[in-house]
């Protein structure tokens, strides 16, 4: 997944703190490591990186004192490459044309082939990230100015990439020609921002100017935005539908569509496809299923209840998976309100089923809380295919809906009924043309290379 | 506020980890410090305490390895006493009858008088907690066995106290005769638990057996519960109504009433008293106003929307209040979904108004998000009097509703309309007799001493 | 052991940092915990305490910013009481006459009796330190002003105590009537200091004014020193001889005698009593035996060599005692220079033998380095009796020289010869009258009570 | 400076802990960062790196649990490249022939030229270390097997380098053809070690087998040592004389010469060249001047005294350079014993003078301690030229002995007399032929390229 953020403006301390805050708003896109790169007052490229959540990996105090005129940041959710500080981004390099720093969100499908080719020309790789491939490709375009070298490099890539980069004191942002991963541009006074999601613009009180277009390269310098193109002509777009289903924050807007709106509609459409005649109330699995549940409840005219409570202090670093904690299971984080559920037929809405184990545990604790019938409703189609474009789905064999049909899956999970949204309703809810959307994880329609 | 937890059972490592988990579930009741006391295998009283959230203050890893047969824990939200490790609880002491450890939730109104009297008899105080007063009172009853000394000590106290204690290898729990603060008993196999709220029983998969009654002392030993009384006969009860309004978790049950249920009813009653004829949607202030908003929406037949998004990773330690952060304000934590709000008349439900500043900031960012009219609805009466019984309200002068009438307060906050719940509706929603409830912060009816 | 430090002067930030530095200079007297207490600008008593070495336990950065007019500090080496933050000093208390803080070095031999008596009068003990006994004794003198109450309290104590205290904005220091533990007074401009050893005066560039006399109480306020007496008339003094032998730093001066000088003389006298006719060079066990070795070498006209090298970065927190580390043993810290030692007859001087295990390991690694003969020379008499006055010696059964005669001990250690200094030479080297010195750990002559 | 360590042997946890201990013994060679690289049981290259001292940068606990069959480690003292985790070594890379890790001690004088050439061929640099240059040079030898590629790479380097590397499961060590930096081979049972100094073999109880020869490449695998040569024929050797003067630990042996022995002889020769007729005692500046002082004292028949005491707990992380600390100066670390010094003519021996400021501060505090005359004797010639081969000397302008003649320097420092060792006595003390030694920092005779 990963989240990226960039800023350029007058040399002031707050722009580095804005990167900290932007990454903080994008924390849901990656919790493994975080990093910031910037050009300091003396023109030197500086880095701060660390493992864990933003507040642990970076020093807000130190960043709030540093001055810089442009900066980029990254939160990492490991997809390619093992978990380690070596893979924390942004990556930076010195090469024949100077210093450059890049941060990347996505997954480049021809990375291995490009790597082998680069190695045969003498390249050494110090990380296992796709980002390092981009740096090498740039450096091998000796005859081109840096921006042109970057464009040349990007034109060789296949797959998903949204990037931010610092090149010659300029902030550069680019989105792959298929538009897999989102990328937005924002502005506040004389400062420009680029971010994975618009919620990261809101936290720094920037206005959402527009999305970076698929295949577009944006160069921001002295308050001016220049737009160039990656010279690859895709047959169609592949904007990620899973961003709307699960990944993005509900207060973000992606390619002109409000994520909140889409999730409400997913719930409403789900109510049409998967009614629950004897359901007495609708619950959402916190937090990802809540908005879908609200849509479902309204459309099916059933009461919406917040009967599963999430511990507000839950965070991945807090509870060690000791034997006792494993035994207690998901209830460490989620607690059903027995009084509300006992003896009732409940409809539970979740955003998706990937491995199926979370659903299984949730159904189990709802049973223990006394639910009579449990109707599990999923606000997306069955995930049957792995994502090749940067979302950390397991391989096919571990995808519950790939391994079992819906009946078997219902029994595995232990629900009384189980029903999924249809792909056409997903497309319809997002309200973008089908040929603009990637639904590969649901229907296996991958980018043809 | 503060939260307390106690456990007794067969000597096994997991009971200490259960205290950790119980405190984790009670984290909302205190974030300043946390501590655990237990008798180890050799019969020695052991302590672990620290500042900050449970995961920072205590070592889950170490506790999961320690063995003990009984233990108590505490999370502290400073009311009396300055913020410091010296005031972290449980407190422990050695006195003429042996070793004892106590943790306390509440505020003892005659503590200063008792302290002066104890000092005149040679007592020294090493903390500024009320808890230390209890230890001294016990120790001055030289002729009584420990439990009787505790009962004698408790009978001298006025005000709010729920306590857990370790005395002679037994777990002791007590609740003041007025019943200010909640205290519940739970059980799992041969292990007994005591906790401030039932949600802390759920996390360790214990069954909620019953509440400790006002004025009751419970002694748990070898799987047996003995019930004794504090020899004080109160004219009436003073169960805290603010626990239902704000303090407790919605998945807790206090004195037989579900907090979730009460909050839904508060919202429903609020809709009756404070309708919003031109309102187009109902929002709750996350997280405390959400359930009330849901009740309001249902009762007034307006759509319920989750248009204010709370950053899931917000926690008090993460963001330093730098100049930039103060300038950005509450939006670091809460983000309104502009697209939903722009140009609409919105009804915003919050649980209460104390200082009024949070409401003011929220109204401001909703205006910036483009709301046309903002109708602020408060699911409790105006807080006009300080709490003397353990809730950290400011003195009268800083209570917005004490300093201003509703019209001025509306203007101060910047809402188009402002309306509060009535006290009788509060009582009615909780569904306990008026003479069982403390509503002093709303109507100034304090315990007469 | 423990080290104490006190300062009083104009309200300035540096006096708190001076406590930090003073404790840093006294670090050799205690590594378990450290603490500072001071009255801040508002007149409130403040504390900072922590486990481990000074730099880990305290925040130099924070202390360098705090202002106060008087402060005391303590480094703890646990003798009485288990290892825990609860026993970290200074202790403080509020009692009928106000606030007081005390730090203590020594061991009070009638503490248990005093505790039992205090408990029978209703006292509760929250630590297991002797210091808390002093606070209770003060508080029980209700009719006396604080200083008089302290004098009354101290007059009830038997055994060793040097204390620093903050009482009513004054710095108070006292030394037991027998003079067991050292205590010195220093001055720099208008600032007065009290410290366990004079080396802690040097680090803050204070002049060593004089020692606190046995039985003296010193009250420092507004640049004036008042001297009072503890009304106990001892038959003789018991100044600790082991301070000179091992405990104090060589750059300290105690009761008018330079520790360095004494150690040189111990070595010289040792050469007279224990010659080594076939010895070819003299080595000191780092660091405590080095100066004695130098004295021995000069007196016996043998070359002094620094053939055992101590890793400069050794500190107790750095190396975990894993299986591998235990297997490698003392060589982690000390490394002999083989080339120098191989095939030679060496004289090794150490300051004392307590358990004998360190000597045994040292002899072993010197053998492995190829030494032909090893003559072990000890610059103090055999330690045959436990110290009751604050030095952490083991009980008799674990004292090597109590369990074995010198011949058996030589074989146990593996040296070719072993020879100890005589008690009269110890006294003679210190150059104080025998009736002024405690030599109880060598000859069992304890204070008669 | 920097220190390196390597180990290969049967797959067992202790070999990784041995790297930890080896680096710990080499801590004096670098305190900025530390790192370990190893091949784990699955054959994957693993890294652990961090800033600061070994115990802070690395986790002994974790390393003691990991299994590996070969490993290398590094402690860094920044010479080339800014201070940052990015420059912490070992560096590792994946290239066309697999994975490789390298750690490096020294300074490559043609690094910039090599870098520019590599960049022109498309290389990107992610650190500013010379080590990365070596990796790139290897990777550009596409047609050669890894070891041959390394040899080819090393043959292009000029200047100082001792390296350890992990290549194809083998431990490789190499020393530049001039022999600037030391490198030794050790053995314990079936385990082989390579280290910057022999003291690091002692800590793991390995036997010192021999030095790696100048220009030698050693490949260790399955208990066998293979020796190859770097095909560069140097006109002469340049073994660093400053290792003996200051850098190495006295318990190390370099190129067959004991550092302790050399330092004693430096002191003895110094006594001949620079007598002190009215001197009454000889002191060494702790710790680097102590052994020289002992040699001087013996040769001049003056008493040797340890009158400057070094705080045993001093370490670079402990004391923050606050205003107060700067004001107190070097006395935070070193304390003279006034009683010994007052009114006497003292001879102070130090190992060298670089910037001159430490000597100045030391003379000042010895004056304050009452010394009558101070004769400063330096056990090495004046440092007049910067080191180009890996020792962190300042540029010429900041070298006190380059800026001033001895008379002016004496006045600047404040000593009564100042006298340096002669270059021929330095060579003579080390006892290696002049054409085997680098004395460039003293006489400017650099390697001709």
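Miscellaneous remarks
Think of it as A, B, C and D in the order they're written, each chain with its own count starting at 1.
Here, contacts are C-beta pairs under 8 Å (C-beta built on N, C-alpha and C of every residue); 3 or more make two chains touch, one makes a residue touch a chain.
By chain, UniProt protein names: A, B, C, D = Amidophosphoribosyltransferase.
Only a predicted model underlies this, so the values are computations on that prediction, with no experimental measurement involved.
Centre-to-centre, using mean CA coordinates, chain A is 48 Å away from chain D. Per-chain CA centroids place chain A at a distance of 60 Å from chain C. Per-chain Cα centroids separate chain C from chain D by 36 Å. Residues of chain D in contact with two or more other chains: none. The touch graph of the protein chains shown is a ring with every node of degree two. Pairs of chains meeting the touch criterion are A-B, A-D, B-C, C-D.
Those residues of chain A lying in contact with chain B across their complex are 13-14, 17-18, 21, 24-25, 27-28, 53-55, 60-61, 64, 199, 202-205, 249-251, 253, 258, 260-261, 287, 290-291, 294, 298, 303-307, 309, 311-313, 315, 317-320, 322-325, 328, 331-332, 335-337, 339-340.
Interface residues of chain A, counted against chain D in their complex, comprise 47, 49, 84-86, 91-96, 116, 119-126, 128, 135-136, 138-140, 142.
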